[in-house]
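One structure, as structure tokens, below. Some questions next.
By written order: A, B and C. Residues from 1 in each chain.
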Amino acid sequence: MPAADRPDSVYFFGTCLIDMFYPEAGLAGMELLRREGLKVVFPQKQTCCGQPARNNGHQDEARAVARLQLDAFPGDWPIVVPSGSCAGMMKTHYPEMFEGTPDHARAVAFSARVFELTQFLVEVLDVKLADKGRPVTITWHPSCHSQREMGVLDQPKALLRQLSNVTLVENPREKECCGFGGSFSVRQPEVSAAMVTDKVNSIEATGATQVVSGDCGCLMNINGAAEKAAKPFTGRHIAEFILERCHGR
Amino acid sequence: MSSAKDRIMARLKGAPKRPASALPDWTPPAFGDQRMARFRAMLEAAHADVHEVPAAEWPERLRVILADKGVGSVLFAPKTATGARLAQAWSAGESPKLVAYDRSVEDIKDQLVHEVDAAVTLARGGIAQTGSLVLWPTPDEPRLMSLLPPIHVAVVDKSRIRDSLAETLSAEGWNTGMPTNAVLVSGPSKTADIEQTLAYGVHGPKELIVLVIEGEVE
Amino acid sequence: MAVEARKSDFTGKAHVALNDPKLRANFRRAMDGLMTKRAAQFADAEEWTSLRARGAAIRANALAKLPELLELLEANLTRNGIKVHWAETVAEGNAIVLDILQKAGAKTVIKGKSMVSEEMHLNAHLEANGITPVESDLGEYIIQLAGEAPSHIVMPCIHMNKVEIAELFADKIKNLTYTEDVDELCAAARAALRGAFAGADAGISGVNFLVAETGSLVLIENEGNGRLSTTLPPLHIAVTGIEKVIERLEDVAPLLSLLPRSATGQIITTYVNMISSPRKPGEKDGPKEVHLVLLDNGRSRVYSDVQLADTLRCIRCAACMNHCPVYTRVGGHTYTFTYPGPIGKLLSPQLEGLDCAGDQVHASTLCGACAEVCPVQIPIPDLLARLRTEAVHPTSVAVKGGGSARSLADSLGWGGWTAMYSSPLVYKISTRVMGLVGNLMPASLPMLKQWTSVRTKPKFAAKSLHQLARERGFSNE
């Protein structure tokens, strides 16, 4: 990426799940950007991307919430999102959701500014990481929407591979959905339970002591199941994981 | 009362129009001097036997191949050049019994379904990409020959093997006149319906023998 | 015969399937194998991208011209001597098939694999009218013996393992000694079905592609039973949906390069059968009559919606179900209707109605594994999201049974959600409150109870990211 494309400021969209359950992951994401010399702007008006309503068929409700986000990020800076799923919603679905409405043009412009965090760190900032942590074996869990809507699969792995004391082992079933799916987990609880049970078993089989992911929806699901089944690994958001490694913790 | 067709068509025609678009480019594969190698490899991967034989020798080679398999009776098409050649070459010496498919299926059904061991047909051509034989059955060489007996022998002229189906369809102008039945055959009959385990000959031929002829097919 | 109205019970049937370890092992093993084989076929990403773009455009264009192509198809088939029939409903389709058979005096029918005939419940209709249908595709034959429905659109008995089939054969096939040897089981089926082929008064098959330009029926298969069903009996009846038409013969090549590779990981099926006429004078075999029954059964309604019409691009390869993490775990019978997996979740609610099959549009995480492998680029998750919208839309007319999932509780719930997330102030207060008391919620609450069946309770953070961002000096604008 030529330096000219490197902005001096970025917006950060924290996501509602991180806001309420995993704020440390969000903070870590903002710190990673600040470390690169960027001004990180966190608009206090932001709430949620609107995906839960859209995925449950409530388009008007999804648009009402999405419109607030269009208002909350008025400048031209990139909007960095520590979640492939929320980023995918904003990048791929906002334009179609607002088609035929007065907000369509700004939804299109908004979506063009959306980046998933690791995508931004690798493709725009070309960050270089120095590992100060102890040796550890991890595996990666790509969220479905990060890999399929955002095309983000290699970028986070490239970051993790920069960490000299981190051994990244591939999970042969990494691309398979963990079974979260938002309301799916309560509409089809037994199918969801079967999926996450298989997912934590496949993670355990890699021998990793940590599973790193870029999406807190998956992590809430995987961590909850791993904890309940007393599995010998824990899940971490990639922002928190990387920041800790760089600080030597 | 309107017909079902009228009602269906009315709904289709009443639907919002949508534009047709230009087809994106797509190039079917080409194999150059590897065409024959590809044809053979694909057929063999599909469990067929492939023999490259000079034109003058194929009936004799086939006699040996079938004798090794203990074949007793062979269905043939007496009015085709292939069939005539076979009958002529096999008229002398120890050969499997030749059964002519020379009447309607209704008059020969039991024999076809239950008795003959093998059949010999000509293939119109071949397709390297998929290891396929192109069959256009004719009044003299009927459809069931390549289907009912446990062994199907197909004779194909090497010069009529093409790279792909796309090339075959366009170069031979199939769309200007289709036969009653055209078939691509890419191996013996098979199934994987039981635990994804491959098994051959569940309904059609258990064995496919392909004789690739070099030089004029007489 | 009236077709019984059925209702989907995805949750109930999934419960049964999930608790059947044998069934789950059968599906997992089969789907893993199919995914590996497909991936090997499309290892060249560039080839896959251009081929599938071509395939998708061919199907999209055929749909764009559907009315004209159907007229052209009928004209060309008629010219070729193939009789064309139109059925608006399943009942009409069954009546047409029965009438053709009765006029021919047919008593026994040999069937090649046809999902549309499953959609019609044709076998039951024929049996009720004194005609014996015998399925000849090995998988279909097995489930007919077992009295079951297909659990997969390409491999109908994929839910059964070798031992189950061995037991079934020993029980149902006369004079067969019990064997688990697959070759011996296939030989037993061959022997049992040879007589059925020879004695059948008619053959019934499906169709993979209808070629408008030449008036041809293209059928693909591996066993040879499709060719036998359409060659040996004196009468052949093909049944298929109106959406199967394509414009030109050359369109067959790329579609054929997509279908078997996506379906079973084969570069081509053993047989590709192109039928363009009944037996001509002088020809020694082949059926003397060939009929094509074109079934609508709701397809023209699907067609009426430009977005949902993408459903009709489907070429029935089953790659979507082979790659579906839900289908893999619950199997095909969980879907109640003829078409399981992701494509079934689109088709059943549209053909049967959202009031009958609406639960299926929510039986998906929208993970997108299906769309990723779809050879004709059907945007399955987007269409599922659209059907979810139609299900709760107060004035939905686009889909049969639209609006049937609407409820006061649902409206109020989402109204409350919107009030919270579309107002920065309400949101701020709500997250503060949740941070303070959220963790006091008992795990026995309705949604938490399901969540905590295999997971621990999520923990609300004491301070939200909004608060922490302010405290750490991150600018608001």
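We adopt the following convention: contacts are C-beta pairs under 8 Å (C-beta built on N, C-alpha and C of every residue); 3 or more make two chains touch, one makes a residue touch a chain.
Since the model is a prediction, treat every value here as computed from it, not as a measurement.
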Result of counting contacting C-beta pairs for A-C and B-C, higher pair: B-C
Most remote chain, CA-based centroid, reference being subunit A: B
Subunit A and subunit B, separation of their C-alpha mean positions in angstrom: 54
Subunit A and subunit C: spacing of chain centres that average the CA atoms, whole Å: 33
Where subunit A touches two or more other chains at once, by residue number: none
Residues within subunit B bordering two or more other chains: none
Residue ranges of subunit C in contact with subunit A within the complex: 10-11, 14-15, 18, 325-326, 329-330, 362-369, 371-372, 385, 387-393, 405, 414-415, 417-418, 420-424, 427-428, 431, 434-435, 438, 447, 450-461, 463-470, 472, 474-477
Of all residues in subunit C, those that touch subunit B in their complex: 29-30, 33-34, 50-51, 53-54, 57-58, 60-61, 63-67, 70-71, 80, 86-88, 92, 136-139, 142, 155-157, 161-162, 165, 182-183, 185-187, 189-190, 193-194, 197-198, 213-216, 222-225, 227-228, 231-232, 234, 242, 248-250, 252-254, 256-257, 264, 267-280, 282-286, 294, 296, 300-301, 303-306, 309
Subunit C partner contacts - residues on subunit A that touch it in the complex: 12, 14, 16, 18-24, 26-27, 30, 39-48, 50, 52-59, 61, 64-65, 67-68, 72, 144-145, 148-149, 175-177, 179-198, 220-221, 223-225, 227-229
Subunit B to subunit C touching residues, read off their complex: 3-5, 7-9, 11-28, 42, 46, 101-106, 109-110, 113-114, 129-132, 138-139, 142-144, 147-148, 164-166, 169-170, 174-175, 178-197, 199, 201-205
